[in-house]
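Two complexes are shown next, each including subunit A; its partner changes from subunit B in the first to subunit C in the second.
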Partner chain A sequence: MKPPYLSYVSPKTLDEAAFLLDQDCENSKILAGGQSLVTMLNMRLIHPKILVDIKNIKALNSINATDEGLLIGASVTQQELLEYKELSIVSPLLYKALPWVGHYQTRTKGTICGSIAHADPSSEIPLCFALLNGKIKLKSLKSTREVRADEFQTGMLSTACKSNEIIESVFFPHLDSKVGIAFNEFSFRKGDFSLLSVAVIYRENSITVGITGMTDKPDITVFPILSDDKIEDALNDLAWNLKGIGDHIASARYKRDLLRKIGKLTIGEAKKCQKF
Partner chain B sequence: MHASFVRSPYSHAKILKINISEALKLDGVEAVLTGEDVIKWSEPFVVGVKQPMEHWCLGVKKVRYVGEPVAIVIARDRYIAEDATELVNVEYDLLPPVMNIESSIKSNAPILHEKVKSNIVSERNFNYGNVEKAFSLANNIVEIDVEYPRNSCTPIECFNVISEYSDENKSYNVLSNFQGPMALHPVMAMALKIPGNKLRLRAPQNSGGSFGVKQAVFYYIVSISLASKKVGRPVKWVEDRLEHLIAATSATGRKSKISAAITKDGLLLGLKIIQYDDCGAYLRAPEPASLYRMHGNLSGAYSVKNISLKNYVVLTNKTPSGLNRGFGGPQLYFGLERLMHKISKVLNKPHLQIIKTNLLPQNSFPYKTPSGGILDSGNYQKAIQKAEKDGGLEELEKRRRGKRKVGKLYGIGFAAVVEPSISNMGYISTVLSHEERLKAGPKNGAYACATVSIDPLGSISVTIDSLPQGQGHQTVVQQLVASVFSIDPKNITVSSDLDTHKDGWSIAAGNYSSRFGGAVAGTVYLAAQKLFLKLKTIAAKNMNINVEDVIFQNDLVFSKNNPDNKITFSRLAGSSHWSPDTIPDAMAPPLRETLYWTMPQHKAPNEKDEINSSGSYGFIFDYCGVEIDQNTGKVIIDKYVTTHDAGTLLHPEIVNGQIQGAFAQAVGASLYEEFKYADNGEFLSGTFADYLVPTANEIPEACILHISTPSPFTPLGSKGVGEGNSMSTPVCIANAISDAIEQDKITLPMTPPKLWGLISKKEDLPKNLNLEITDEKKKISVELYQNYTNKKFWKYIKNKLRNIV
Partner chain C sequence: MSKILGSKKSISFTFNGTKVEKEVEPRILLSDFIRDSLGKTGTHVGCEHGICGACTIHLNGRAVRSCLTLAVQVDNCEIHTIEFISGKYNGLNIIQKNFKKYFALQCGFCTPGIIMSLCDYLYRNNNPSEQEIKDVISGHLCRCTGYSSIIKAAVESAKEINNAE
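Moving on to the complex of A and B:
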């Protein structure tokens, strides 16, 4: 469990990082919290030649609440955001979702942007990002561009981020304060990768349901306001639509049942806290 | 130099060729040890049954489990060693694997060890009393088939070995976090083809947990020693977690069938037990001990007289099994206590009533079991009474009624088990027939060794042979010795490291079979007492008083009749160093006492195959309430009560720590942990993301109760306590689940999806109502996801990332 030989650089500015990455971007990896990358290095699942550590870039360690939403720099850890004093008001979804992300110890290292960049199909932060249809800012040596969430994650562990680009920040838009929000997930143990996560935004005329664990990336479905019976039917159809895949841990049938049960529970919770 | 292992990715294959030339070219690589060296310099390990099996310290000609080492790269540092490991090219010819007991015992099964001609490497029948008669007299016969999974207690620190070969002396000097039993020292020396005194083995004072698991490091001590011989320099190997999970060791998996002949009241007349143990790819010493450690207490806490037993030792293409907390107990009691629960269901009587009907009567101790165990002491009725009252059983039953009334799935489970400790080293020979045993010579006993010595300043040092790995033996010994001499515990140091060249030990030394409380602490006490009596005699002479008038108190020694006639303890204790004159004639100086202790009750197995497999036997009575989450199938332990009789408690806080610890690991075994393999032999539990160990979030606090019936056989009346809940808790939880869902076929670990499979109704079909507002933005790549299964997960990532990088 020792990584292969590699070089490590720790730039102090984003421009410097973009420059270093540009030298040999195909053989470089950005290191932020390292909660997935270092494991993969030690297991020798990847063999990059250069690690560009962005943790020491001060400009990336900021959380800004604007009128439109929440802007989070690339080196902000999950725990830093969770402890951001007005998070429950500024972003009730992230406030409810973040405690499900790993454990306190991993959250103090793992970053918000790192989780979105890694794009694990069962991760909570990419689910929130997709559900809110946020934006991500990508910086390369010569340019900067923004990508919307629905175009960012392209599949399991793959995103629109090019090898010469660094995620600079992520933007989560605000929601109407009247909407109802709920987040639930199921895993065998607290803090594990979830078997299924469900996030719900209950609006005046619609219910948006985000799900991970059934497909290769967060799945977002919008329903009209439905009666309880119809919600069950809708979730049953959604479960069949997404199918789920059985493995040695859980059958596809089990995952569909989780979606039905936890989906209903979560929509119910979101409905309770909407204020229309 | 640092070692890194090349391991087999296949569960069953012939080794055609090992090409090491590319690895040797890498700068910093010194050598690569392969099967050729191993055949030249060592012997296969001896095995406990008479079979032509060869278990070398590396896979030779064949590999028989995923993770089996086939070569060792020795390099300047571990990084380079691991780089070179990727360059060793091994060509395999794949063979079909056998991955479970059923397929292994089929007549046409692929054979692991061709010379044995079968995968069943031992088969023994035992008969005690008259079982057939008991079954003919029965009102009812109840049968149960059960399986116990393979798992492990996964210590936080993995294996470590540093070995240094001396060409001059043809000897090996090894430092390793080996936990014993030291019976494996001769096994290692024989494998290395050297006399015992050429293998100096040292184990450190501290080690990060073991739970039996670090017994298995002996296998690597031999291969790393050969690596040192290969390069002529010391070689160090630190096992990493991936290696540990895939190939360190595993608890034995078991499949058993038990039939009970019972009266209409549920009284047991006879038991027929058939046990198949899955020992993995090699029968590694001390296996098949899992099958025989419980032999003397086969009938648990019950007074059944007639027992027949068939034992089979079966090999499969999995990691060899070995010691693991509970060792044989979880497997035995899972069958026996599930059976008692089933009897209660068949007779429609309360489970606890069936247990009470069959308990050994009070005042029947010491009790000789049909299979030869001598249960030293106990009062099972009193323990159960205490558990019912102080644990709140009535309240729990009320809670179950309330929960069920509102449609919840709630169950209560019970388990009553006998917890053996201080293994009789002879029990393993029960696997041999009486004739074979006569030929091999008797094996029995279990010497514990302790040394207590005094230095010139009168402080005391104690050396013990129990190789503790975090259980606090040092603390208990310190307090025990302090109380003997009435001195401050700060003046006592305890050494628990071991050096085979300098310390007292026997084959029984080590950290296993919960031998500390009964055997080791007792031996320390006896050695300290011996020294104490000498000091008392010297004090009497020098203070000119009678021996019985000498008082030791708070670091002082004085006369009962005249407290002013006194001397400090340190002065008295140091006197043998400074003034031998003060010692009475003919007395050996009170400088150092080394004492060996074993028990006369530890006899070798006799011609009737009776064996007192352990030295003392505690009792545990557990019950629990569990609720099943009807959304997910998750088992929630609502309440857990565990009542112990471990004889005299030497240190109540440490005892409770042991109980809570064993309980925690048993919760893992019950609900989370299993070494899983696919049918093709692929290992599915290779990381802690796949092999789930419960955390503080998942483990409730158990309500712990005690009664005490001191053992008449151990010096302090104490018994082992460290493994009990590993034996009682899995079956107690299984019984509660069975009670909650009213089903019989309970297998562990009972994960949520598994339980869901037992309780879920028919799945609703899709109605295709198209209730979504729009799905135009939804680009689900379901096809891509079809590739995503956990077992292929890392492979998938690897390919994916290679493409990206």
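Moving on to the complex of A and C:
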């Protein structure tokens, strides 16, 4: 349970970080909060030779609310965003989802972008990112590109981010203030890996449901506006479509049942707070 | 860039109010550094993957897991551990006194971590609800008490800290 031998660098600018990463990108990893990375190092699941720590790059520690949405730098921690004074107005989805992310003691160090980069299939922030179809900015030594959420996470712990690229920032677009938003999840201990998370955006003529825990990446499904009993049928169909992956904690059947129950509860909550 | 894999790096940071300058291998965890190199064994090491919370310390005033932090990461930072808490208040502080009063510890292995979490959270938040306190304590495992006495001690501490302010 100790990290393997490695080297550590902490550049002061993003350009310098991109340069250092480019030297030996296959054997290097970007270190931000380290709440997933150091765990994986401790368990020796990964063996990078060089860690490029981005904590000294001041430009990456910014939260900007613009007319279009919320732009979050790569070293902004989950707790910093949760304590951002206008979060409940500028991004009610993140405001509702962030308290479910890890524990208080990991949110103080874990970053928003790091969670998206890690792409754990049960994570809440990748779910919000996918549900809002945000954009992520990737920087390499020679270029900068933006990737939309639906193209970013490619599967369990895998993303479109190349080994020579650094996540610079993530962008979450604003929603109409009239939409209803709700977030729920289930785990045996609050803050542990969730068995199932459900996020819902209730619009005037559609219900968008985002789910993690059933498949290897967040699943987004759009329903038309349905009556309560039709919602139960639709969620049942969705549960069978996604099937769910059983593991040592919960069977696939148990997860399908969670989806039916938590899905209905969350859609109901979102319906209550919509203002159409 | 260090050319030799694992070659030592020089770090300097404030540890419990004292400046520390040491050479450290990049792979050394902060929890091990505090215990082995600095000799302060109040910070306990349990699971080493962020689940149990026994190693919780303050990094720049915020409760973090020292087992998920590399010692090299705290260069130029401020670290406080459980040893600082009793030193600062000339004896036991409010939370520690209430832990004693409510029998909120038995073997004491998880206690330093929980005290560090509560010291951050309760002094930062006015009037937290019992549910909010439970959410903070959910980041810790205790195998003795069954938590109810810990929650009682934390709720009582929150009231006392509020009244004192």
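The criterion applied here is as follows: the second predicted complex is superposed on the first by the 276 of 276 C-alpha atoms of A that agree within 3 Å, B and C clash if a C-alpha of one lies under 4 Å from a C-alpha of the other, contacts with A are read in each partner's own complex, and residues count from 1 in each chain.
Simple rule for what comes next: a contact is a pair of C-beta atoms (placed from the backbone, for glycine too) under 8 Å apart; a residue touches a chain by one contact, two chains touch by 3 or more.
Everything numeric here is computed off the predicted structure, so don't read it as measured data.
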item	value
Touching partner for A:4 - first (subunit B), second (subunit C), both, neither	both
Superposition-derived comparison: subunit B or subunit C, residues of subunit A touched	B
A:189 touches, of subunit B and subunit C: first, second, both or neither?	both
Partner chain in contact with A:79 - subunit B first, subunit C second, else both or neither	second
Contacts of A:178 with subunit B and subunit C, given as first, second, both or neither	neither
Subunit B versus subunit C as contact partner of A:58, first or second or both or neither	neither
Subunit B versus subunit C as contact partner of A:104, first or second or both or neither	second
Contacts of A:233 with subunit B and subunit C, given as first, second, both or neither	first
Partner chain in contact with A:145 - subunit B first, subunit C second, else both or neither	neither
Touched partner set for A:163, first subunit B, second subunit C, both or neither	first
Intersection of the subunit A residues that touch subunit B with those that touch subunit C	1-5, 43, 189-192
Residues of subunit A defined as touching subunit B within the complex	1-5, 26-27, 29, 40, 43-48, 121, 150, 155-158, 163, 186, 188-193, 206, 214-217, 219-224, 226, 230, 233-234, 236-238, 240-243, 245-251, 253-254, 256-258, 260-262, 265
Interface residues, subunit A side, partner subunit C - complex	1-10, 20, 23, 31, 34-35, 38-39, 41-43, 49-51, 53, 55, 79, 99, 103-106, 108-109, 189-192
Interface residues, subunit C side, partner subunit A - complex	1-2, 4-7, 9, 25-27, 29, 32, 48-51, 53, 56, 59, 62-65, 67-70, 72-73, 75, 117, 120-121, 134-136, 138-139
Complex contacts: residues of subunit B adjacent to subunit A	78-79, 82-83, 86, 240-242, 631-634, 672, 676, 678, 684, 689, 692, 694-695, 697-698, 751-753, 756-757, 760, 763-775, 777-778, 780-782, 784-786, 788-791, 794, 796-798, 800-802, 804-805
